[in-house]
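As written, the chain order gives the labels A, B, C and D, with residue 1 at the start of each chain.
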Amino acid sequence: MFSRLVFVGLVFAGLALWPLVAGAYGLDLVIKIMIAAIFALSLELLVGATGLVCFGQAAFFGIGAYAAALLMARFDGAALWWLLPAAVLCAGLYALAVGALSLRTRGVYFIMVTLAFAQMAYYVVHDTPLGGGTDGIYLPGVPTAPLDLGKPLVFYGLTLASLALVFGVLGLLLRSPFGRALAGIKANEQRMRATGFSTYPYKLAAFAVSGAIAGLAGFLFAVKDGFVNPELLAWHQSGSVLIMIILGGLGHLRGALIGAFALALLEEFFKSEAVWGSFAKHWHLGLGLTIILSAALLPKGLVGIPQLWRDRLEARGE
Amino acid sequence: MSEVLLRCERLTRRWGGIVAVNEVSLALASGEVHAVIGTNGAGKSTLINLLSGEIAPSAGVVELLGQDVSAWSQPRRARAGLGRSYQRNTIYPGFSVFENCRLAAQARRPRAWRWWQSALACEQTNEAARAAAQRAGLTDLLDRSAGLLSHGQKRQLEIAMCLATAPRVLLLDEPLAGMGAEETERMLALLAELRAGQAMLLVEHDMDAVFRIADRITVMVNGAVIASGAPDAVRANADVQAAYLGGH
Amino acid sequence: MKLATLALAALALATGADAQTKLKVGLMLPATGTYAALGTAIDNGFKLFVTEQGGRIAGREIEYVRVDDESDPAKATDNVNKLIKRDNVDVIVGTVHSGVAMAMAKAAKDSGTLLIVPNAGADAVTGPMCAPNIFRSSFSNWQPGYAMGEVVAKKGHKKVVTITWKYAAGDESVRGFKEAFEKGGGTVVKELNLPFPNVEFQALLTEIAATKPDAVYTFFAGGGAVKFVKDYAAAGLKKNIPLYGAGFITDGTLEAQGADAAGLFTTLHYADSLNTPRDNAFRLSYAKTYKLQPDVYAVQGYDAAQILAIGLAAVKGDVSKKAEFAAAVEKAKIDSPRGPFTLSKSHNPVQDFYLREVSGKENKLVGVASKALADPGKGCRM
Amino acid sequence: MDFASFLIQCLNALQYGLLLFLVASGLTLIFGIMGVINLAHGSFYMIGAYMAYALAPIVESTFGGGFFSTLVVGLVLSVLLGYLLEWAFFSFLYEREHLQQVLMTYGLILVFEELRSILVDDQVHGVAVPPLLAGSLPLGELMSYPVYRLFVSGVCLLLAAGMYLVLTRTRLGMMIRAGASNREMVQSLGIDIKFLYRLVFAAGVAIAVLAGMVAAPVSSVYPGMGNTVLIVCFVVVVIGGIGSIRGALLAALLIGIVDTFGKVLLPSAAGVLVYVLMALILLWRPDGLFKVA
């Protein structure tokens, strides 16, 4: 428990100090990873904590992003203090509607129904003029009041604060009676119902909160890029965030954090021409093999590595 | 006659053309252990599922504490005082014994909106959990991971989790299944202790145990009740001997 | 431990800066995925021109930095920022996918980095998003469509059905076609769409047969183009209803289409048998260097390098003089293998569009479909 | 729409549906029986298509016999591939959480796609229709219908019938179905469940590869072709009910109809219709059309 707190503390301290050493790109890279981490945390609440495998998380992310773009286009010079909550609310409401329907199904069927609803959202922005069609649309600017998000350091701060807030809130949430109930649902929903928990509202609430957090990540992403595109809602985005949390290790908030960092850094590593020369264009190969190896060797994801070492040491000791 | 806590009237469940439970009527009184016996496939587990609300009946009425609960969902019935255990272990193996009980106790005081507060902050819930574990004889094992318990202890934990919800009626689905002689004795002692103030429905295959502990026995064959009454009367019943005990 | 090593590697990448003597060219092209082959051709074309100049442009040695854009708009801003902020490139060349190019255009506009687009045809890049530091060496989606509209109208067809994927490139191409064709007196009687990248055309082919138009105009590319041409022929429509298309339907796909493409008319700013001294020299040089025949994408990459060379020569290798760079390029006549072209005010090529007919494995030149066709550059304020 | 074109569209829908079934049936086998969520299924389809393209000249020069001997060689190779993959990557994942398998198959997609790029290339290629099936039949006034498409439909129907018979009528099929519902029981009966699973996985891969090879002359081969079929395969399997061959066939035909008529009658919503259909069906029947016990 203590070592985990130290780990998380070190990560956030490192993130807070990063701008002191990083260049403009280093800042960008970590902002990107932090947004991915928020996105991954949103899914961790469903998959890792509640046992609901959602394969349509990109829709909530994309809706947060599109809400930012469309609201800013509609209301010139919109202020951050209502723009951000509005985007989060849009994503949360869509998640509430999707959850209300899809929670009627279970297991793989649930996976596919969430995919179906995400694809519906995807085709709405892809095929209708609402969101600018397939090429996407630009944000008219950057929110400047009350924080000037055009300044990289300010935006870095906002992203870090959002990540810390999401991490903290989820940490509390999972220890609370609500979070414990989610854990019970993951372990054995039938038993929970027999005990007297109406599980549906719990799952629905988790779903909506998760969607809202994904919307937050989407909002930050849209402001960072200044551009949104239907591909933000595509199924492979839902897939890649799922890969992130599995790689990091399910059932731990740290796992989502680690997974987001690991996937991004692995990509950077295998793409690096400095390391691989002209073979860098086949970077998918290295990434794919690494993923396969980690699935084979790390049953609990990257989070499980210390435990594996400990087990090995103990085995040697005996 | 003491107060009737759970009653069902002509309870029926059909699966397609098969009648799994056929017009079963029962009444469970406070302080009474009521055993339901019957061969495999007689509809005993389905009966428990109907009573607890896990599946909906095709026809019939269920009354809990004098209230018609036929249309209530399972969680609602559970909160109203109907506890049940399962034939297969349904504990949460990853949690500690205490957390298993605490989570069960939490069902009575959900307080789900207090998301910022630790689940351990509710002293009443913790107390209820500890009390339930104590009654089931698990006080020494509170911090043990439930998955590491012996089979008998797991069955005890099942009972403890039921108790933690402070039920008035207990529906126990084969609590003795797979137990050794010593574990059986301990469980029977536990059940005997629990009977005061509660009604207990017991589905069980261990005939010796049933006849030792039950106040009343109902025999089911092919979904229907063929006999019901005091153990001695049931033992003497010709139909029962023909249909069920005859095999022994 | 592994994580720490990686973090260090990233740190090194993130903070590393380099000497300014070499001219850094950032090639942001697809190296993986559906468009990987196009990325390679553009890359080859660009390097060919630089090699022909002895590896130097305006006296500066060229250093390449490559980023695989994966044709994924969701990663586009990060990828282009890698070039701008991490590698501090002097000029960016890319890319194929329109959505990615849109994100690149924004990043380039914001940072002022030179951007030369060697393929992506999104009208907006030289429309509302136009900027003094953004150039295109290829085309706008509108252009080949417009050229074909003129051709089909001249051929005397009155009723035409269009068919394309429901996405921006397809819509823009059809819009260009419709504009010219209806100006020429024809009518587009039906606009058929199917979701991108669905390739099950049978239902729509049946629709075409039921509508019985005089001709069909189409915009597809890559695997979809191959399948469409084959299905069109297999459904028996090819012998009854002539098919016209924007050139991409038969570019880089003829080997796969085989006989089913024979005789198709398409419009594009390049053809296989221009037989001009400039083009012959280019083709020979390309074939020698890469043991491959060049295609339109290679030409676009080659011309991207030419545009860079012209601008750099005018500012003597100093990329910070953006206005002078732009002025020089705007004035210049670019001596492209496709034939000389100039850039419009919005920095899109003003070029001849050729009518080509498929013969064997080649897009044979038939004639000029539209002379010095300029994109209207709608929405460009510069 | 007049009646003649309505009939032709019905034929189109049927044919597309059968093609979908061909691609999806291998998935429902692996998915339903082994419980493996195999994201790499599209890659196996892609491998099949590239085999039809790249293997043909090699087979032609060694064995002769053209398309059909390529088909046979490809099938043999794919069974080997499936068998090896199961042995090397999947056999020790069954006891783990399902999502670890997802991670594994995702890694495989990346690897296969990149190996394709290295071993073949990134270009689009056509595969010739075998001369024996190159003709076409007249259909309506202007249209004709290629014989090869009829051949593809025939292969689909044969495959559907074959899978159904093997699973319901043979001892092997019974063992497989028993293994799907209860691993321990089958094991306790002395049947080598490991071998059984390896067989099922190999068969699933072989069917996907076969689908790719048979579809190649119609669809041509191009980078990324596997990913585009992956999602629609999952849709078919899930609508039909996981593991149900009948269900997959029905679902594929249903999607064929919705897609075909959607494109014609509701072009602006054609992309989304399939997903609306899936959502509606699953909300109506949360376990798909045919639930497999």
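Here are a few things to note about the model shown:
Basically, a contact is a pair of C-beta atoms (placed from the backbone, for glycine too) under 8 Å apart; a residue touches a chain by one contact, two chains touch by 3 or more.
Keep in mind that this is a model prediction, so the values were computed, not measured.
Here A is the chain whose Cα centre lies closest to the centre of all protein Cα atoms.
With centres defined as mean CA coordinates, chain C is found 35 Å away from chain A.
Distance from the chain B centre to the chain C centre is 72 Å, each centre being the mean of its Cα atoms. Once the centre of each chain is set as its mean CA position, chain B and chain D turn out to be 48 Å apart.
Residue positions of chain C touching 2 or more other chains: 32, 166, 195-196.
Taken residue by residue, chain A touches two or more other chains at 123, 126-127, 282, 284, whereas all remaining positions touch fewer.
For chain B, no residue reaches two or more other chains under the stated contact definition. Screening every pair of chains for touch gives A-B, A-C, A-D, C-D. Residue ranges on chain C touching chain D, taken from their complex, read 32-34, 36-37, 40, 166, 192-200, 202-207, 209-210, 212, 222-223, 225-227, 230-231, 234-237, 240-241, 252-253, 255-258. Taken together, the chain B residues at the contact with chain A in this complex read 52, 54, 73-76, 78-79, 83-84, 86, 90-95, 99, 102-104, 106-108, 110-120, 122, 161, 165.
Per the touch definition, chain D reaches chain C in the complex via residues 1-2, 5, 8-9, 12-13, 15-16, 113-114, 117, 121-126, 128, 136, 138-146, 148-149, 218-225, 228, 259-261, 263-264, 267-268, 270-271. Contact residues of chain D toward chain A in the complex are 31, 37, 39, 89, 92-93, 96-97, 99-104, 106-111, 113-115, 117-118, 227, 231, 234-235, 238, 242, 268-269, 271-272, 275-276, 278-279, 282-283, 286-288.
Within the complex formed with chain B, the chain A residues making contact are 169, 172-173, 175-181, 183-184, 187-188, 190-199, 202, 205.
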